[in-house]
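Structures given as structure tokens follow.
The two complexes that follow have chain A in common; it is paired with chain B in the first and with chain C in the second.
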Partner chain A sequence: MSNRPHGAGRFRRPALLLALPSLLVLVGIGLVPLVIVTVWSFWSFDPDTYWITPEWTLASYSALFDTGRVPVLVRTTWLALLTAGIATFFAFPAATIIGMMSRPRRAVVLIVLFTIPFFTSALIRAFAWRLVLGRTGIVNEALVGLDIVEQPVEWLLFSNFAVVIGMVAAYLPFAVIPMVLVLGRIEPSVMRASEDLGAGFWTTLRRVVLPLAMPGVIAGFLFVFVVALGTSTEIQLLGGAGDSSIAIMINDVMRVVNFPLAFAIATTVIVFLSVIVILADRVLKLSRMFEDLGT
Partner chain B sequence: MKKWTDLNVSSGVALALTRRQLMQRAALGAGALAIGGLGFPRSSFAANEINFWASATLDIEDGWDIFKNESGIDVIFTDNGNDPGPVVAKLAAGNANDIYDVGGLQGGSEKELAKQGLIAPWDLSKIPNYETIWQWARDIPYITYEGKTYGIPAVINADSMIALEDKVGTVDSYAVIFDPKLKGKTAMEDAWINSAIFTAMYLKESENAPIAEPGNLTPDELGIVMEFLIKHKKDGQFRTFWNGWEQGVQLVANEEVWVMTGWEPIVYAARERGIDAYYAAPKEGYEGWGNNTILLKGAVDRGLSDTAHALANALLAGFYGCTLGQLRGYVVPTDNNVAYAEANPDAFDAKAVKELADHVKAKFAGKVYWQNTRPDNFQLYEEWWQKLRNA
Partner chain C sequence: MNREATVLRSPFGARLSFNALLTIALLFIYAPAVYLLLASFNPGLQLGLVPPDRFSLTWYVSLAGDRKLLSALGESVIVGAVTAVIATPIGLSAALAFRAMTARRGAFFLFVLFAMFVPGTIQGLGLSVVFKVLAVKPSWFTVVVGHVLWALPFAFTVCLVSLAVVRPHMIAAARDLGAGPWRAFRDVTLPLVRTGIVSSLVFSFLLSFNEYSRAYYLVGRYNTLPLYMFGAMNSGASPTIYALSGAVLLISFALVAVLLLGRRFRIGRSAGRPGNGG
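== the complex of A and B ==
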């Protein structure tokens, strides 16, 4: 019996030709700019012309460490990890209800409900949280009105707490949807078999559902992590005074037209993310998500 | 053909509020412009046609049609995003000089652009209205370089701080921003261009700090200013650093902060929401800012220098000032606006035009330090701002 994928054989050439335009677009608008950014990050900045000159240097990477930018990378990563972790935690039960316990129509309705936040801009979404968490916001009004606190709680807004709330609320669907897709593929017979063998709810969840859903869980975590790592809106609107993120830092640097430094920051993030994905694949076998493809 | 009576404008104050919004939207385009290559060199151009590449602040929208009737100059206005960094980059390394003839941006970049030969000096003999510009506006230090004038003030104003009367009473010093009694109740703008100069003004005037020019700090002076800000940030003095029009209004209107450095229109927006806010007149002075027109070298090369000069002159002739005042509430620094409004009472309210001008003049009657978007050590400013963010 042959293990060759369907794409092999006589369909291979037309399939490749069919994919060629997409491939060219992907390379042209995706890969080429990244390569250019990476190359330019090693070029010199000419303060006289505000432009880059093709003289190879590590100055921009050195500046990353000299000018206190590494803590921003670390802090943004930490916030993104926290957001992704919390979003994944809350997304799993939601995805279970949608993917395993809902009929198709209800599943669609629930998914649409989760995507409603995306019908408006990120700015509006984050701004709305200011009105909820602020000194005169709904939460503080309730806390004071119920005599739970005497004065409005200051740290609800302009804090890491507010940033994580804003990001989790915004990016939860990124975690839910891949989990729904994976959970929806778990055969009911597998669940029944577990039940027949005497496993209770928690045992089935731990030993059957979670292992089968793990690729979706990891994919959801990574989606949220990547988006949270690149955002600036929630941090600017909900974070403490002058809080920074990778995106804010790049924007700051671009405003003083130090392009090589901005490119160096971007390249560092790209490399960092690539390492994360490769490690995740090695440790958590992400490629299992795609094991049915091409067979 | 449109006339000035066709203009659909409402009160200057109300419409002034849209200016910041426009600038924000405009800023979104700045990043794309920074990299360059989005435009193409002009293959042909008319002798009376000028490509005016300026901050949205300077756009009079439908008014350009009437402007053309009045001056004979056909202005094609393009928003440059207002952010000086990408504008300078586009001029230095992009193709802005191939496309545009006259620029307009917040002041401070003139010297650098002139040094690199990217802009040309104005021939003031070809701009008779230049003499009508208020003297103190002509004295802005950074509009000249080696004795030649490179920037012509098109819009002038001065900023200070917004305060809530019932929370902080009447304040007359930036000291209130750093007052420990107001810990967590104050804010500054998330931009070193403004926050560094406000702090420097306070330290110079009220704390006798060795600072010569708050708008152009030396590395040592910058260190003093930023260390001061970092200390207060670490102490939790600032509720936030605000960014953008709507955030500024929300902070004041919801009483998240009781006093903050910022733009005067925020006061009007807060009052409309029933907040007892006012614009302070600090003893340390105002931060003056100008949005200036510059002559791009490309226009000279294309033989459009005379038309560009005619445009600069027409911007100061009165119609443009009256229209801009009504549309956005900003002032072109010349009395020609009032004269024009008086001569055209069916189009403009001369009293309102004069009140607007007097309001700005009153600010400049006291102490003013000029905002400088490109101080000599601007890269260092950014590095310090990053340290402040991390503090």
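== the complex of A and C ==
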């Protein structure tokens, strides 16, 4: 895309009119509150009114460091990275089967199966893991029943292990969808050429498919990472007592109505996420992936 | 797009290992939910499975007597329905805009999608302070505002995918025959995307119906269903919570499966007919 000064002129009027309602919602309900949160994170807390006053300060950011909030940020990031890594490991073969190794009918059924979770309750799906991983859950009953262990394994539930399992199960579809999109854009003739030149399946996969699919793979990884970073459900329902995450920390801070500190945590996350998305878009041309959808 | 059935020829071992990973992924996603569903038919107080002949709806029946639950359910149904009715036309309009655009489509798409990736807690917090400053009292309507933003990316994507059957030459033909843009939309586009619109309504409803972290900051006097359920899950769960979870899961699964499969297969059949654009 060229950067001519009149580039925006190609944004034709009907398109602009049709885009207007969604832009109003996205900016008015989506963006404006986030900008306000960011600005107000630099204002002072007024203990008399439990609200903020427009005096510029970095107090809430130093409070972020003083009150031991940073380890929670690091911990949440680490768990989200681990979740995204595991999800990507499972999502790539799944996407390859859907995009390249299935007849259309089967591909559609599989896509449907990976789409349904988006529209079911994350709360319930996390809660269901309690039945599976608990002291009397099926996993422990099987382990004890098969004499693999004598006592039920305690760390299966209310642990990082449970949290990561719950998050992988919840957010795996976020990784599969972009990979399927990207694999669908690879010309079949490219694979044919690779085969004609004598490459086997694994060589074609590694040297041809994977490099071409890389933007989708990284996008899938990032989608899972971003969603896992912001969730509270899985840690609240499956994590150990006292385990925290960024979202839980914000809820806790808000319970004592410390607005600026909550805003500072939120701003840190927003800035972090924005930088990741903008960088990814620059490097991977993420926006290109979606250009021929629905046409 | 005319692709051969399978694009990548694969040896048996590769197919086996990839299918194994795919199966594990699907088991991860579905097995716990299915297990919970089956366990919810256990009439006893002790958790776990019972043989199908002892299945009972005891706990489901006792749901009907819980007043707080029914009020939360009512609140969620209202919020979900209003959200769906607002988000769908906006999503459809955005999808039409996307198709009319000649430049910056990808950027527009990413911008619409961004709402999906902002952590719900942060979006809810931000909206709640804006409402506070505007002196808007929290109520079912403030939840709707948050949920329209949450549902919009999905409504947009569903409408966009369903618009694929509307080929540019169909609109051009309508316009040649003297139809204005509105008439062409009403008589050509709208009938073709009817199933897409229904899907978008249902999906938006379900997204709102199951949403927790935005609603946490935006509800007024009455809890929505997920907030009620979260409370019940953490208070020494009585088996009714399993029945409630089971009911919500069943309704969600059924609605989505019927919509997605029904629509796909209809497209699959009509695509085979000659002269159908495509």
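One rule holds in what follows: the second predicted complex is superposed on the first by the 253 of 295 C-alpha atoms of A that agree within 3 Å, B and C clash if a C-alpha of one lies under 4 Å from a C-alpha of the other, contacts with A are read in each partner's own complex, and residues count from 1 in each chain.
Assume contacts are C-beta pairs under 8 Å (C-beta built on N, C-alpha and C of every residue); 3 or more make two chains touch, one makes a residue touch a chain.
Quantities reported herein were computed from a predicted structural model and do not represent experimental measurements.
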{"item": "Touched partner set for A:127, first chain B, second chain C, both or neither", "value": "both"}
{"item": "Partner chain(s) touched by A:42 [first = chain B, second = chain C, both, neither]", "value": "neither"}
{"item": "Which of chain B and chain C A:277 touches, first, second, both or neither", "value": "second"}
{"item": "Chain touching more of chain A, residue-wise (chain B, chain C)", "value": "C"}
{"item": "Which of chain B and chain C A:237 touches, first, second, both or neither", "value": "both"}
{"item": "First (chain B), second (chain C), both or neither touched by A:71", "value": "first"}
{"item": "Which superposed partner A:221 touches (first chain B, second chain C, both, neither)", "value": "neither"}
{"item": "Which superposed partner A:104 touches (first chain B, second chain C, both, neither)", "value": "second"}
{"item": "Common ground on chain A, meaning residues reached by chain C in one complex and by chain B in the other", "value": "127, 131, 136, 236-237, 254, 259"}
{"item": "Chain A to chain C touching residues, read off their complex", "value": "1, 7, 10-12, 14-22, 25-26, 29-30, 32-34, 36-37, 40, 89-91, 93-94, 96-97, 99-105, 108-110, 112-125, 127-129, 131-132, 136, 138, 165, 168-169, 172-173, 176, 184, 186, 188, 191, 195, 200-202, 204-205, 209, 223, 226-227, 229-233, 236-237, 246-247, 250-251, 254, 259, 262-263, 266, 269-270, 273, 277, 281, 285-291, 293-295"}
{"item": "Residue ranges of chain A in contact with chain B within the complex", "value": "47-51, 67-69, 71-72, 127, 130-131, 134-137, 154, 157-158, 236-237, 239-244, 248-249, 252-259"}
{"item": "Chain B residues touching chain A - in the complex, by the definition given at the top", "value": "31, 34, 83, 85-86, 88-89, 92-93, 116, 184, 187, 190, 233, 238-241, 243, 246-247, 250, 254-256, 378-379, 381-383, 385-391"}
{"item": "Complex interface listing, chain C residues touching chain A", "value": "1, 3-11, 14-15, 17-19, 21-22, 24-26, 28-33, 35-36, 39, 47-48, 89-91, 93-112, 114-115, 117-123, 125-127, 129-130, 145-146, 148-149, 152, 154, 156-157, 160-164, 181, 203, 206-207, 210, 212-213, 216-217, 226, 229-230, 233-234, 241, 245, 248-249, 252-253, 255-257, 260-261, 264, 268"}
